[in-house]
Amino acid sequence: MRPSGRAPDQMRAITIEPRFTKHAEGSVLIGFGDTKVLVTASVEERVPPFLRGRGEGWVTAEYGMLPRATNTRNSREAAKGKQSGRTQEIQRLIGRSLRAVTDLKMLGERQITLDCDVIQADGGTRTASISGAWVALRLAIDGLLAEGKLTADPLTQKVAAVSCGIHQGTPVLDLDYIEDSAADADANFVLLENGNIAEAQATAEGATYDEEALLRLLRLARIGCGEIFAAQAKAVAK
Amino acid sequence: MRPSGRAPDQMRAITIEPRFTKHAEGSVLIGFGDTKVLVTASVEERVPPFLRGRGEGWVTAEYGMLPRATNTRNSREAAKGKQSGRTQEIQRLIGRSLRAVTDLKMLGERQITLDCDVIQADGGTRTASISGAWVALRLAIDGLLAEGKLTADPLTQKVAAVSCGIHQGTPVLDLDYIEDSAADADANFVLLENGNIAEAQATAEGATYDEEALLRLLRLARIGCGEIFAAQAKAVAK
Amino acid sequence: MRPSGRAPDQMRAITIEPRFTKHAEGSVLIGFGDTKVLVTASVEERVPPFLRGRGEGWVTAEYGMLPRATNTRNSREAAKGKQSGRTQEIQRLIGRSLRAVTDLKMLGERQITLDCDVIQADGGTRTASISGAWVALRLAIDGLLAEGKLTADPLTQKVAAVSCGIHQGTPVLDLDYIEDSAADADANFVLLENGNIAEAQATAEGATYDEEALLRLLRLARIGCGEIFAAQAKAVAK
Amino acid sequence: MRPSGRAPDQMRAITIEPRFTKHAEGSVLIGFGDTKVLVTASVEERVPPFLRGRGEGWVTAEYGMLPRATNTRNSREAAKGKQSGRTQEIQRLIGRSLRAVTDLKMLGERQITLDCDVIQADGGTRTASISGAWVALRLAIDGLLAEGKLTADPLTQKVAAVSCGIHQGTPVLDLDYIEDSAADADANFVLLENGNIAEAQATAEGATYDEEALLRLLRLARIGCGEIFAAQAKAVAK
Amino acid sequence: MRPSGRAPDQMRAITIEPRFTKHAEGSVLIGFGDTKVLVTASVEERVPPFLRGRGEGWVTAEYGMLPRATNTRNSREAAKGKQSGRTQEIQRLIGRSLRAVTDLKMLGERQITLDCDVIQADGGTRTASISGAWVALRLAIDGLLAEGKLTADPLTQKVAAVSCGIHQGTPVLDLDYIEDSAADADANFVLLENGNIAEAQATAEGATYDEEALLRLLRLARIGCGEIFAAQAKAVAK
Amino acid sequence: MRPSGRAPDQMRAITIEPRFTKHAEGSVLIGFGDTKVLVTASVEERVPPFLRGRGEGWVTAEYGMLPRATNTRNSREAAKGKQSGRTQEIQRLIGRSLRAVTDLKMLGERQITLDCDVIQADGGTRTASISGAWVALRLAIDGLLAEGKLTADPLTQKVAAVSCGIHQGTPVLDLDYIEDSAADADANFVLLENGNIAEAQATAEGATYDEEALLRLLRLARIGCGEIFAAQAKAVAK
């Protein structure tokens, strides 16, 4: 029995509020249960130095957690003067995941930055960030298409992410904080709508796992991402 | 005529959503028009080193702006590795303002940190932060009273803040971003419900001002803070 | 009775030694009693990136305190690796104050940096810095005029600053350190010779204050700045 | 055909020189072909603050690359003043991998730090680091057992790591730099001698991949880790 | 002929104003010609962690240069967020030099920090700092003796320092900035009153030098330090 | 009697392995007894900003010590976020020493960076670094000559460095760590093959020294550098 009473393959409620803020080219407040992440997409008509003059664009991400998004207050990274290793690892993952579905040549020499800020945390903040970032990116690119700055769509398909883990011997989908803290293994899968995998990361926390378990976690992730794809579709159709 | 069509002494709509997040001892989403600030109050049962063993508490604040709260994206302070002078100035002001209505001896050896994070900016983020911080602090202290950790209320009265300025020769209340960028003088007043002043800051941006103008700005601030006090009362009564 | 035996509206001795150092385009050692600040004005024939190509100049300030300027030694900011919030707040105030009396268009594409370094502190270091910075700026601009780099004077009038506060219930002028530590309210006024206000900041430290008190503090500041304007005039006439 | 002429399931030469330096409690120079990593294990009789007084030990890792370990010189992280996101991600992975085979309760209140410094890089520096770190850790723990500081062995089994990837459509084992730069997908597996998985990370670089590919990469990793386990056994037997 | 018209073995005017500031336990403004350094000695009744509980004291130094001490403005180290290599090298040298004449056991568990801040620079700032630091230290220790905190004098003798160099083929004493910029070799000697050497550093800038030149520079330094010892004696006798 | 049993004028074994790593234009592993330093020379076809457009090259150095090169582990400078004063002092010395034998005009607008990383430390790491850096630089310049990028040799002669000190009253050559920790005076000499001095630094640690002692240390250094010159010659002849 999961602490939340959910079935092993049951996601938390997915909520997506597109256009949550007014300034960004794309924005969304995504919720996986009590985990709430605000994602904005900012379009800039320039690329980082390593890409200049190559006619290609770039999609990148930054991640942050408000100090009291969690149960006890964490120091503010801006005040400490540096981003933690965890923050950097997550923002690198988000950037890679979105680039996996973007044709950077078609995007042209512009950069889109996805800022993922966790308003409230209850497990799965990085997977909610990726799933929400796709919506923000979709909205920003829709804007570029509408303004005629892009004539063809560089976004090739949907991408979504979800966490899974082995909790008290049972593979379960979409861990909340209580499960995450006690999981033996913890995995994050970034999947494309066509079924392909952009990223698989499965880490033993309390106990190592075997190949069979890895495959079961992947199957759970397919169930969860299916639901997320549906919610993304609905959100951008609004 | 103001760009927004408001009368000179007209505030923007004040919105206050108490208990906006679930983990913090107090939390609120406050809006002054399109300016939206999330404030959380975090209670810790320890005080900073300079106060240890003196039987007194501390109230402090931190301030941040999400990178795309504004019209064009700002670099993330955590990524740059330091907080700007503006950020530090604002968070010092918020802390002082709340301490002006808190009896630190009655609070006992505990610290309450008010995290003010700007979700969307349209002028007046520091004054919305102070006004919202009072609500978050009130809720956190109500919790301490309810739990019996405090037996008497250390919060002496309400505090609120609003900006005023001289825009095209006219003193106006609660500047939005368009007015703020073009104001000749820009003032922030932090007022108590009993009419006293906790902080007055009036800065010449484009043109210096005279004593008469200073007093007219203060009178506008009294009008604005009156409305904020009413909204605060309603929010904490919920 | 004030600890120093001064009357409530009595300034400390104002001492101004122009051309205190030899390399800077303008320099001064200013004293308000035991508070001693060395201010240098450095002219550079370039402006910060945000102003390039606009035909305008810039006036900015930096502030520092020698580690043992105070009664007990403070850590050196260069060794700690960052400037405190207080330092940044003060240097932003000094810069704004001097820009309030400078026609930046007439200055042309050059920057003047006012470095204010506190050699000895006894209260009022920021107001002595502003008052001394005007002298250093005046000398630097006189040099530019003498060399023919400027043909008209961009400095529109004098600016001076002084602190006032409510000490044991009495509004007093030009607080020294002992008074400053115990003041209920503490204000800094930056005034122009024509009577206008460039900046008013009045902060409740121990007790909030009313409108009447604010006005009395302002009147004290007018008395103090009058004396400073006279001292500035004498110093630059040398 | 691989650029190096190796078969798809062929590792590069594995070289392990135990006790490469004299001061550390354990040390090794490990080579996977031209990739050379110096790993030292340092034992300290104290644990990080979050573990104090719990009777448990800690195993952690730091990772660095000499500026000219690579084909073109990289800036020294100490000179830049911060570790890159990549560095932090790698050192977190190394630490987790070694903790997966250490019984921290049996280790007692002491910390072992594994410093992995890349002398020369040609792909696979993180996997060589993990594989070498096990040897350094084994030697350090052997020392603690020999000195009687430990009476039972907290190291439960061997751990090794290897990279695999899809290069020009073919899954290949132990990518060198040329392959790594051009791989469509790039995976790192951390495996235990008993066949279990401590960490699986598979990232799409150029093209996403399917479940079948993930499993083929895992099977290649099993081949590679088998060879590493044998080399580790031989090295610690010396 | 030297640019200043001085003879090769001629020092610039040495000026020493003891007790230049009022807060520090010892203070001095020392001048070697146009080079002016303010040195303060701060006594603290605690020692750095590495010395705690050993019954010994510590003498250390910090060095800084005001941004416009030099001909063109240098960035403020506090604003840049770090001290340059040159600054750190100099402050380490000053600390060592003063420790060479202090019996740290006799000083007891207290630390004296010598802050050397260059008000105006014209070559020889580090040697003026050392020479002035001795005076500030002497005054601070005299105070400790007068207060009865010390019963015996831990300062064993005088220490002074001077620069010498080879300028256009001629060994010269006490280089000013013009000579220093063009010197082939540049040396700093820290000498004791008894003739012993605490530190000798001779660096080839434009051309390497031979043993004979090294000895001639040392002899010039003896002449210069003789004059400094006399000035120090006079200053502390006041 | 020296702890190592060496005669006062006896160097430790000098070992030089040229071309120790494959990517750098020049590389060497140099050993002075148990002190082992890896030096790489990296050629870049650009110069630092202060030299641009002047047709001159630059030779610079960076220095680092692996965390466990020493008997007890030191914090990693990259993790601490800054280089120590000692590190900066050493890398400045190495750079100056190599520039003393390089004709920068002949080198043309390119920079050679010498990275000196201490693999194992037992005293004398800075002098081994300088001595090894000459070999790495020689190899890099030989490469530029062979490729035709240089037509004449900018390296004018050999440079080597060695430490000497006064240990228990006896001047000794090439201090190991045990001697270095207990030496009364500690000197580093950087000598050219023609007998000239590029840098002499002699520091009193426990006791000051006289002119005679300085000269005896210099004579020991001549003996040591003679051996190093021979070893350098042999290494580059391979």
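When the chains are written out, they are named A, B, C, D, E and F in that same order, and each has its own residue count from 1.
Here is the rule we use: a contact is a pair of C-beta atoms (placed from the backbone, for glycine too) under 8 Å apart; a residue touches a chain by one contact, two chains touch by 3 or more.
What you see is a predicted model, and the numbers here were worked out from it, not measured in a lab.
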Labels of chains that are neighbours to chain A and to chain D: none
For chain D placed onto chain E, the superposition rotation in degrees, Cα atoms, nearest 5: 120
Chain whose mean Cα position lies farthest from chain F: B
Distance between the centres, which are taken as Cα means, of chain F and chain C, whole angstrom: 50
Interchain centroid distance [CA atoms averaged], chain E/chain F, Å: 28
Centre-to-centre distance between chain D and chain C (centres being mean Cα positions), rounded to whole Å: 59
Residues of chain F whose C-beta touches two or more other chains: 81-82
Cyclic chain order - from chain D, heading first toward chain F: D, F, E, C, B, A
Of chain B, residues touching chain A in the complex: 21-24, 27, 34, 36, 38, 40, 42, 44, 62, 64, 66-73, 76-79, 81-83, 87, 113, 115, 117, 119-121
Chain A contact footprint on chain D (complex, rising order): 82, 84-86, 88-89, 91-92, 96, 100, 192, 195-204, 208-211, 214-215, 218
